[in-house]
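Each of the next two complexes has chain A plus one more chain, namely chain B in the first and chain C in the second.
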Partner chain A sequence: MSMSLSVLKNKWLVRGYVLAVLLPVWQILGQSVNPIIFATPGQVVRTFASLWSDGTLPSETLITLETVFAGFLISCAIGIPLGLIMGRIRLAEYAIDPYVNFIYATPLVAIIPLALIWFGPSNTATYFIITLHTVPPILINTMIGVKNTERTLVETGRAFGFGGWKLWQKVVLPSSLPFVMAGLRIGIGAALIGTMVAEIFLFNTGLGYVLVNETAQFNSAAVIAGVLIIMTMGVVFAESAKLVDRRFLSWARGASGIS
Partner chain B sequence: MEKVKVEHVSKSFTRSDGKGKTAVLEDVTFTVDDGEIASIIGPTGCGKSTLLRIMAGIAPPDSGRITVGGKEVVSSANPASAIVFQAFNLFPWRTAQKNIEFGLEAKGLPPAEREKAAQHFIDLVGLKGYEKYHPHELSGGMQQRVGLARALAIEPEVILLDEPFSSVDMLTRESLQHEVLQILKKTKKTAVFVTHNIDEAIFLSHRILSLGGKPATIKEVFDVDLPYPRDDGVMVSQKALTLKSDLKRALLSSPQAQPEEAGAA
Partner chain C sequence: MVIQLLSYKWLVRIVSVVAFLVLWQLIGQSVDVTLFSTPILVVGAFSNLVTQTAFLTDLLTTIRDFAIGFTIAAVLGISVGIAMARWQTLEVAFDPYVSALYSTPYVALAPLFVIWLGIGLVEQLVVVILSSVFVILLNTFAGVKNMNKSYVETGRAFGFSGFKLYRKVVVPGALPYIITGLRLGIGRGFVGMIVAELLVRLDRLGFLMVYYSELLEVAPGLAIAVTLGLIGLLMTEALKKVETRLSPWRSSATGG
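After this line comes the complex of A and B, so read on.
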């Protein structure tokens, strides 16, 4: 206990030191460069405070968050059932799998022109872009989870009297859960990327709008403030996913030997 | 009265290289009476687990048929029998208690009754205090006991046990053998044990079937004409010792299964 605590302390100590070096370096760099291009930490904090108190940042952050979550939920609603079906039915896997891989391998910005032609700058186009990027990791992981269900456990479920949908509910689904969770973890990050791409290049709303708008006014402190919020979102998503894992999937870490 | 009938069961597996088949079981025929405890012994790899899985309805035989209580076992759920697996096959996401409740869920028991029944069998196999542990937090012997309790909990007419005591130390093994034997006798269950251990087979069974050959068949059947309980006195009686050497001979005459050489005749 004391051992792990001191290591933890050390870890945060190290991070503190690094930050203590980085901030002054940033300050010095910021002062020496043209303020149109770069800003000091102090300027960023002041700009952040004023944009926050005048309501710009809270409302735009909320819009971005809503878009990320709505896009993520839509992608789950498509990706999880489709992944389950593809894991179960070989024919569905063969039919759909190549297209999913094609889509996932395509750089997202390359789709922007098509989205514009088809839907114009709109919410529809935004969600089109997000789901295109978020469905594949969720779908692929779910499918792999189903396919990785141990045959012996399915047999055991059957031997003890379960069949059909019940067998799925009692054996296949819980067994695939760690994979589905991995898919969701990647998926929430993908939804954030998709949202930013769409907000910046397609339909200027939310934090993407803040970035584009402030860039046009050469307000680099505001741009950095916006980027910091987006970064924080990414970190919070990743950490919450880890927390959910630790809370509900401890059996999987123990069983797989990876901790 | 016959409880379990195994008639002319044959089974072969396609080799993983796809070239030909390996015959594992051929024309296996035997019966187990109601309330009888039978053991199957045989060298490793001869097909004991395969036979048990077929009897449980998990794997279909290539030919032949199995009936339990007069009803044919088809390749699906067979709630009349329960199986204890050699490799435990516990569900890693379930606690010990939830694993034991698994079969009761399939039977549609309400949660309160499931818990009560599970607790009873937890006490019986000596897992008190470990109810909330997941399989990866349990020792091999404890996992084996969870598997045992899971099978006993559904109170099957027939229980099939694949080396159920192989992962526990000698002392635990003896006390578990006692416990299980008592349960079986008290509830007049029909049981089929698979074991490598001759002493264990003698201690437990009314009848011992020796499985051997390649592909394997029932080579010999030994009646264990000894009174229960088979305490140390009974186990060293002349009858028991003669039986033991007969069983040893039967095991030795059936050489261990070797992987077939590619291109062998």
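After this line comes the complex of A and C, so read on.
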């Protein structure tokens, strides 16, 4: 116990120890089992460097990033207004929520074959898949935020003479902002998932192309290199959303939203 | 009042869905049947799938394999989550990997497992487990960490310790979080299952989906997608019910 406590004084030391054990184990396992199938850390680093310097990884990463952000923006443009309306108007909520819940629960990969028939292998199909992934979390969280706006706040606003747009601007929107932010945080992750689904299954571009292409050649070092970039994207998105939350919404603790 | 509100809710929902179906039928018939199909065609395609193909057996096999994978993920996620909450060294050591893997779109990992494990049940199970285990783990971890310290102290005062303390106090205390983790995990795991079906085992459901899309047949594709959607909905709603039953004071808006 005292041992673990002293180790804890530097958590990066612990993390360093773990890495110092994991990497050699991986290297030895990879070498002894089958270096083609289980690429070693050394191979991954070399492959990563060569794919990066010949321009493959940077350009494909850029394509993926563009797709993620475009899909995310489209989804915001759909999800936020719809969520605001559904949060305020009961009729709209009940009329639309069966579809939202259904889309949310459906394994959307199953839509891929249909998207291919409907749109062909095109950008439209890609963004269709991404918005299906991304709109529901943004919409649902926005709606919950509006619905959770406290009655007393709205009534106080009215008492101060706010009505219509002004009430929205001064009361409802600020009070639902933490939930909207939670929706956006989950949404950017969903957009990344949707993009990967589209790039892997729909038509191969971006990092999805790297994954599929290198898998077909059993080049696991290159696949791992691609996965590492995607992983980094996921972590960076999640962490920067948390940072925004902490910086601007520290007054609204506890609105964690759904994911 | 409550009953009235409830029936209003369902009335609007039913009217909305019926209107949608009628509109779809009309547009499908008059504009382009091959592209849009119609609800009636989808129902017909569904009964065809059930009577003339191995759809039902495939579906049951898929669900059985999914259940195996999800059970492993649940056991793994809950026990590692508790362990990481209990021993801070474990938390510090493994939290970077858990967080990174949790933020990674699991679809991107599927191709790697084709190389590593080949195409088969093991590969599928691994994809299901990886898709669902981290959200279960993180929620369990949060549940144990956030638990009221006085529960544990009361438990100790009653003479519980070690395994008994966990069985009687810690796990029940963290249960609402664990169930939230399971609800989020079951959806993700199911997606992982279908990813694996589509990517790696081009037999069974994955085969059917690709087969019909190559024939440009929308109706059976939709029938399959809707069936999978309903199964997903059923599983998450069931766990939501358990969730509200266990902790009615938490709104379903939290978690994650």
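What we mean here is this: the second predicted complex is superposed on the first by the 244 of 259 C-alpha atoms of A that agree within 3 Å, B and C clash if a C-alpha of one lies under 4 Å from a C-alpha of the other, contacts with A are read in each partner's own complex, and residues count from 1 in each chain.
Methods note: a residue touches a chain if its C-beta (ideal position, glycine included) is under 8 Å from a C-beta of that chain, and two chains touch if they have at least 3 such contacts.
As the structure is a computational prediction, the values presented were derived from the model and not from experiment.
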item	value
Clash-or-fit label for the pair chain B, chain C on chain A	fit
Superposition-derived comparison: chain B or chain C, residues of chain A touched	C
Touching partner for A:P24 - first (chain B), second (chain C), both, neither	neither
After the two structures are overlaid on chain A, angle v-u-w for chain B, chain A, chain C in degrees (C-alpha centres, nearest 10)	90
Contacts of A:F237 with chain B and chain C, given as first, second, both or neither	second
Smallest separation in angstrom, by C-alpha atoms, between chain B and chain C in the superposition	6
Footprint overlap on chain A, where chain B in one structure and chain C in the other make contact	none
Interface residues, chain B side, partner chain A - complex	53, 56-59, 76-79, 82-83, 85, 87, 89, 91-94, 102-103, 105-107, 134-137, 150, 154
Complex contacts: residues of chain A adjacent to chain B	152-153, 155-163, 166, 170-171, 174-175, 177, 250-252, 254-255
For the chain A and chain C complex, residues of the former touching the latter	4, 7-8, 11, 14-15, 17-18, 37-38, 90-91, 94-99, 101-114, 116-118, 144, 148, 179, 186, 189, 192-193, 196-197, 200-201, 207-208, 211-212, 215, 218, 220, 223-224, 226-227, 230-231, 234-235, 237-238, 256-259
Chain A partner contacts - residues on chain C that touch it in the complex	8-10, 12-13, 15-17, 20, 35, 87-89, 92-94, 96, 99-101, 103-112, 114-116, 135, 184, 187, 190-191, 193-195, 198-199, 209-210, 212-213, 216, 218, 221-222, 224-226, 228-229, 232-233, 235-236, 252-256
